[in-house]
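Next come two complexes built around chain A: one with chain B, the other with chain C.
Presenting the complex of A and B:
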């Protein structure tokens, strides 16, 4: 299972996180069983300037700054492919 | 995130709140436009300098200034505006302003024939034009602008998509023709016509229409330890993560003394509006309209005055909630929080409301203060408002609540509900027909925003 945590801290939520929450419904059918999408409280990434800008998400623990649907899809497709390769 | 303008606006608000909380706002505010757009950063307008100039005006609007007036003095530093705002916190009398430096002066809306035109044999554009404004010269369609009424029929029939209509988004969005270019070619609002619906604010792609905010007044009141009560509009339930219980705790965490659901006011509006409806019908009146949407009431006052007698006299949920707050905390400052620009105007005119802010500003306040909504405990709401009152935020919600209230009590009077789910350029004409008794229905609900308040211009999530 691939773990997708969408930060719903107030800053992330304000700056795009709210729209990313819709992503779960929009995931392609074949990914839905592979990805566990969760809204999580503030990860404190927004308070640090060296990590980039909000909104933040975590994909299998890997932090993605300035997250957009496209960025998440791109990384997800790599992870899905890798997971498929292991099987 | 729906667009870059929204993102920048919110980032700026969050930054201002952070600096204010640290106590460094006065010291850093003049540098803020440069900090956001350093010399070699990406820019969104023609250059970093233009971006910085507009950021300065944006900060001024955030302090409640009227950018249209203030842009006469470009040299006045932001910290001086801040000092004035803090020492003499006058409520902005008009909640909207135009930043001339931000306005792109979009070219007049007109029909253009592009090079996609092949000067075809059938020429449906010529035949569809009701004014005979199109003819073909040298195998290319030509518009006679003295005849063209921009109806757009030619756009629809061209088989090559060769005809386009250039737009002026603010003018196209304004339902009352209140925004036009002035002699300098930049947008200006005619405040005799403006109904503060906020449609120009939402639609301007250059983000040149700005709200005159009271955020700094709220911050100053919080800092000075004043007793503030937050009155939260019903649409909040669809706007923040974690539900209103957590949201209310978050509001208290930044220093609000109490939080009250405006939906409790909506219960009183429902009850009294239902009574008023029965009374009016018994008197032989043919129509009553709702009055909770401020932009609609302004529309009637300014553009359809003959309908004014039909508008319900029952106060809005915001005002009733303000009264409840006054009873509970007579010495407190009442701060209305909603998705609306027009409510700022109503708030300024209401004795029960002292300040108004938007969901966007509330979000920025919580973010800048470092309050995470999701990790808050549930706020003990003493008595949650009933569902029909909370649904005031949705189109048809008011009608449903009144219908529900009337169940079994209306005798032989039947409510025949009609509604406007959002107003546009045709609304004033239609409302005039309602005033003249030419249209069916005896209860008319009008919401300026599509979907109701949940679609408000200052909501966080646009559906």
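Presenting the complex of A and C:
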């Protein structure tokens, strides 16, 4: 399973995270069984200046700053492909 | 034990066809005093005129009680001020006044013309004990009964206008109306079925039952039922904001473990601190994200309770409480308000560390400072909702 954590803390939510919270529904059918989408209260990255800008998500523990649907899809497709390759 | 909480609620139903209720109920907790004063008045007739009479009576009575004026003199002033009924030649002002000390449970009940009060300990009635009556030489046909009573934690006091006790008149099975006895039995049954029933639910159920036993279920007279419930306070702790000093995180997080009351955690960083210290997880229901109305969806923390986002949610809650309107509010705000509503004492535990990210000029709206939101909440909860509020800073 690929872990996708979407931050729904104040800063992320206001800077575009709100739109990401409904991402699960928009995922292609074949990805949905592979990805576990969860919301988290805050990734704590917003308090650090060196980690980039909100909104933040984490994919399998890896932090993605300035997250957009496109960015997440891109990284997800790599992870899905890698997972497929492992099978 | 903490001082008992006085839950004071009433329910009022206006006579069919009238635009204003001819009964009035007012209560207050005078600032700086552990005292509650409630007044219920039934104005002569119905509609606007009765409403004015009742309102004048409650307003004056409350004022006189607050300033500890002698009761006979106060009643005379009230009766002198009201217009006199052409037919009956009396200035019609019935009232029930309850002056209760929350700390000691001592109460004085002053009644003139309204149905007699009911005191219940659990479902057992403590029979009324009038300790005297007063008659004004100027208004000899108006007598005031005074009862000095002792309330214990768990006691309820029920008082009403005659729209309750005379309900059912006109139906063969209620030849003399519901009467005080009918109301007493009904209230006892309700308490037996639900020993913790709130003053709000009890007063509502009584008022609506009174209406429903009227012929054709019509409201043929104004109905008002008030209930005072002296009970152990229900506490709610709202924890928000990271502590100023990191070394306080442990003590701060420990407060998230409920100790007899309920707990809400508001804020992502706050939730993370508690998760870290207590090793508890947060589960957020993403299904609520679609109907979250501009607020992040609420979640749950194992063994703690509700978890929500901080500043946006609390700001919204303050606005909704100020507007007295939250029916269509987003899930997170509605859940917080629901818990506030069912609590008597609210304790805010506020971490004062400023989140630098909240100062980002790129944020689409200005975020209010946490302390200011808590100040707004503190004020409105005490002033409009009768909650006992305390704030503890970290």
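Assume the second predicted complex is superposed on the first by the 87 of 87 C-alpha atoms of A that agree within 3 Å, B and C clash if a C-alpha of one lies under 4 Å from a C-alpha of the other, contacts with A are read in each partner's own complex, and residues count from 1 in each chain.
Here is the rule we use: contacts are C-beta pairs under 8 Å (C-beta built on N, C-alpha and C of every residue); 3 or more make two chains touch, one makes a residue touch a chain.
Everything quoted here is computed from the prediction, not taken from an experiment.
Asker: Once chain A from each complex is brought into register, does chain C clash with chain B or fit beside it?
Answerer: Once both complexes are aligned on chain A, chain B and chain C clash.
Asker: Tell me which partner A:39 touches in the superposition: chain B (first), chain C (second), both or neither.
Answerer: A:39 sits against chain B and chain C alike.
Asker: Would you sort A:47 into first (chain B), second (chain C), both or neither based on which partner it touches?
Answerer: both
Asker: Thinking of the overlay built on chain A, is A:19 touched by chain B (first), by chain C (second), by both, or by neither?
Answerer: So A:19 only meets chain B here.
Asker: Considering only the touch criterion stated at the top, classify A:8 as touching first (chain B), second (chain C), both, or neither.
Answerer: Both partners, chain B and chain C.
Asker: After overlaying the two complexes on chain A, where does the chain B footprint on chain A coincide with the chain C footprint?
Answerer: Common interface on chain A, chain B vs chain C: 8-11, 13-15, 18, 21, 39-42, 46-47.
Asker: If you look only at chain B, which of its residues touch chain A in the complex?
Answerer: Against chain A, chain B makes touches at 1-2, 7, 10-11, 14, 240-242, 250, 360, 363-364, 366-367, 370-375, 460-461.
Asker: Once bound in the complex, which stretches of chain C touch chain A?
Answerer: Where chain C meets chain A, its residues are 267-269, 271-272, 275, 282, 284, 286, 289-290, 292, 294, 296-297, 299, 307, 309-312, 355-358, 360, 362-365, 367.
Asker: Can you list the residues on chain A that touch chain C in the complex?
Answerer: Touching chain C from chain A are residues 7-11, 13-15, 18, 21-22, 24, 37-42, 44, 46-47, 54.
Asker: Can you name the residues of chain A that touch chain B in the complex?
Answerer: Contacts found on chain A: 8-11, 13-16, 18-19, 21, 39-42, 46-47, 55.
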